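Below, each structure is written out as structure tokens.
Look at the two complexes coming up: subunit A is in both, with subunit B in one and subunit C in the other.
And then the complex of A and B:
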């Protein structure tokens, strides 16, 4: 009985050690990448081209699906909200305090993570398996400058832009629902939203979006790099990467909520 | 050209050479593949775009001009997996020649051009980019010597 307990405690300890070492590794990698944001050599024609391609894949190709989801959510949330809450002030706080600052970044980060984080993880793992990293090293092309930073910057920009778009679509559907169903004027609706807007919330929202964008691209890159030179390591790497991305999303969400409500 | 009796000897000598010429190195080797998610032109242009911040239009024009020298303009937008062995080798050589004052090193070129019986193709390819490269070196095994010396063009 005691030996079973000792083994169980040992396993918990090993899992904790593994977890903290992975977290330390991710944070150290994040710091390295962040410092390279300020390196002039990062910004060259090749990296710019990667950034533009990534932005297209992440923010433009996703638009039809993204807008569809935003409109559906907009009608659902506004329909329910307007039905349940008759007080306009409370409704404004609900839209700005929950829909814009909490729901919009959450849906956006899920969509980007499902689509782009998995793609980035696979891409980096495939490059590792194909030994394409050696190619870049051989031609003295820095991996962080050329491969990582354009993808991470794209994550940050895409998160901020798409979250803003999501919020805009949801608020616009809110205007439509309120004016068609409840006969609220545009002025009243906009005025209600503005009165419910807290600048600090918007600042926290932007920082949260940027943090989401940073980590949902950084983690897949880091995990992709850990792939071995065997093809079978690619799915394992993507699986690990996506789990860690999910953990990161939940962690950032919880931390931002704590910061917002203290 | 330098020939070796064993893989170990070749690898040791090659590594030392690569380290010595790292600054201007243009390595052509199956161990240094093309980037698979980039088109051919981008694989060639990447070196100048990264190191010299050359605008992509200019870099692409340069890559296309090089591809035309080899009569390969039609592969400009293709990816590495759709190239045949000769095209793959030539694109790797063009990429190596993009390095300023390039010290081009062919590491066992017949590993890429396994279908070719002799080295005439190599000398022809070198001649097409000789205005861009400062030095050219070939590292291979002793038993491949015959493939280089089999024709007159190898003397070039």
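And then the complex of A and C:
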């Protein structure tokens, strides 16, 4: 009887280990990459060049579309908020507590994940299939320093910068909507926002953005590395990577909300 | 390559500048860079006190509770931080009250009557008093609760009456049931109302009699109408009384006009007669004077010529 129970508990443990092996692998990879952030050898001219290119593809190229989306969202959200909420205090809390700290990073992370994460996942999987990784290794080029960290740093920087830009654009359109459509003075609007702003919320927002950026680039890299040497493994790798990126986004969102409301 | 570098550099520079400016503005407005004054308050209880609790004056938050401590004497020490720009509100005579609204989180209210009083010394430890708002609300709510109690008692009474088979409501319902039952029997409305067939018969007989009386009265009225018509002819007809009367009156008016002239003449004559009477009076007076003169003359003659049968001569 006891031996059966021990076997059952063993089975549960084995299932849990198998189920979380991917998570554990990702976390171990994340720790490895994170530790390399503090390695001086990471920051060389080649890495910097890769970083600049990645930032260009991720943030600068997307900028016109991103600003357009931000303006549209700004008018929509502010129009609805001003129409629905007549109390300025609640309006301030809605804009700062929901639009700035929740909606801005969420839309930004979705845009970057759809555009850059999938590209990074595909790129790494293709490099793996083409055995470029082996070639780089044979030239003793550190993959983490040269390939991964510039992409992950790009994710962190892009997320922080684009989220802040999105929030600023939405708040600026809010200023336009409030003064032109609803006749609220600029001072009243700014004062309302200031009263609803908590410095701690901004700090949490920036940390959340950095975490988003870290994981939405790290997960595609790791999943891309897991591709086999067959071409058919590339789409499978991208599919798995994007699902895991989505799970990571939801997990980080929930965790940040829990930290905020504790 | 240089173009990409320039674009990326420009993006990072502008976005970072915007972020830094925004955060700096918020931090400045929130008083992060301004001097902060710390004061200590004391309280016998730490209930409802939390770190970060707002300190407000006239509804505006001017500071926050930064720390809570319990000292050796069992007194709770509350440290509040007030930015320099709001420090004017904290005076030596300021009172600190913890406000516990029914809805919403508690806060410390600063009551300062005289803003020109001396500033509160950081070494002083004013006591934090408790607002009795909740007790006052309970006191005010008591009459309302009593009233609600009475209303509930009335509702209870009504429901009891509803449930009581001999109650008013049930009686009304029974009556309504009887009435609807009568309606369903298709009797006349009168029979349904009075409920007694004999009474209905009597009422019908009375109505029939009333109809006969009405017919008779109609006949009388017709006759009266005929008589009235004849009378009208006699009075207003061509040879009726009224036209004749009108002719008589017209004739009378003509005659009266003539009499009026005659009266005027009579008046005139009477005036003249009055004047003649005045003349006659004067004539009479003259005659009276003349007769009197003749009398006097006769006396004189009589005295001078005695006409008596035996005149007497008086001797000296």
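We take it that the second predicted complex is superposed on the first by the 244 of 262 C-alpha atoms of A that agree within 3 Å, B and C clash if a C-alpha of one lies under 4 Å from a C-alpha of the other, contacts with A are read in each partner's own complex, and residues count from 1 in each chain.
Keep this in mind: a contact is a pair of C-beta atoms (placed from the backbone, for glycine too) under 8 Å apart; a residue touches a chain by one contact, two chains touch by 3 or more.
Remember, predicted model here, so these are calculated numbers, not experimental data.
Q: Figure out whether A:20 sits in contact with subunit B (first) or subunit C (second), or with both, or with neither.
A: neither
Q: With the two complexes superposed on chain A, say which partner A:146 touches: subunit B (first), subunit C (second), both, or neither.
A: A:146 sits against subunit B, while subunit C stays out of touch.
Q: Considering only touches as defined above, state whether A:194 meets subunit B (first), subunit C (second), both or neither.
A: In the superposition, A:194 contacts subunit C only.
Q: Does the superposition put A:83 against subunit B (first), subunit C (second), both, or neither?
A: In the superposition, A:83 contacts neither subunit B nor subunit C.
Q: A:131 in the overlay: touching subunit B, subunit C, both, or neither? Say first, second, both or neither.
A: A:131 sits against subunit B, while subunit C stays out of touch.
Q: Kindly list the residues of subunit A that each of subunit B and subunit C touches, one partner per complex.
A: none
Q: Any idea which subunit C residues touch subunit A in the complex?
A: Contacts found on subunit C: 4-5, 7-8, 11-12, 15-16, 18-19, 22-23, 26-27, 29-30, 32.
Q: Touching subunit A in the complex: which residues of subunit B?
A: Those in contact with subunit A are residues 18, 22-23, 25-27, 31-37, 42, 46-47, 49-51, 53-56, 59, 95, 99.
Q: Which part of subunit A faces subunit C closely enough to touch in the complex?
A: 52-53, 55-56, 59-60, 63, 157, 160-162, 164-165, 168, 194, 197, 199, 202
Q: List the residues on subunit A that touch subunit B in their complex, please.
A: 44-47, 49, 123, 126-127, 130-132, 134-136, 138-141, 145-146
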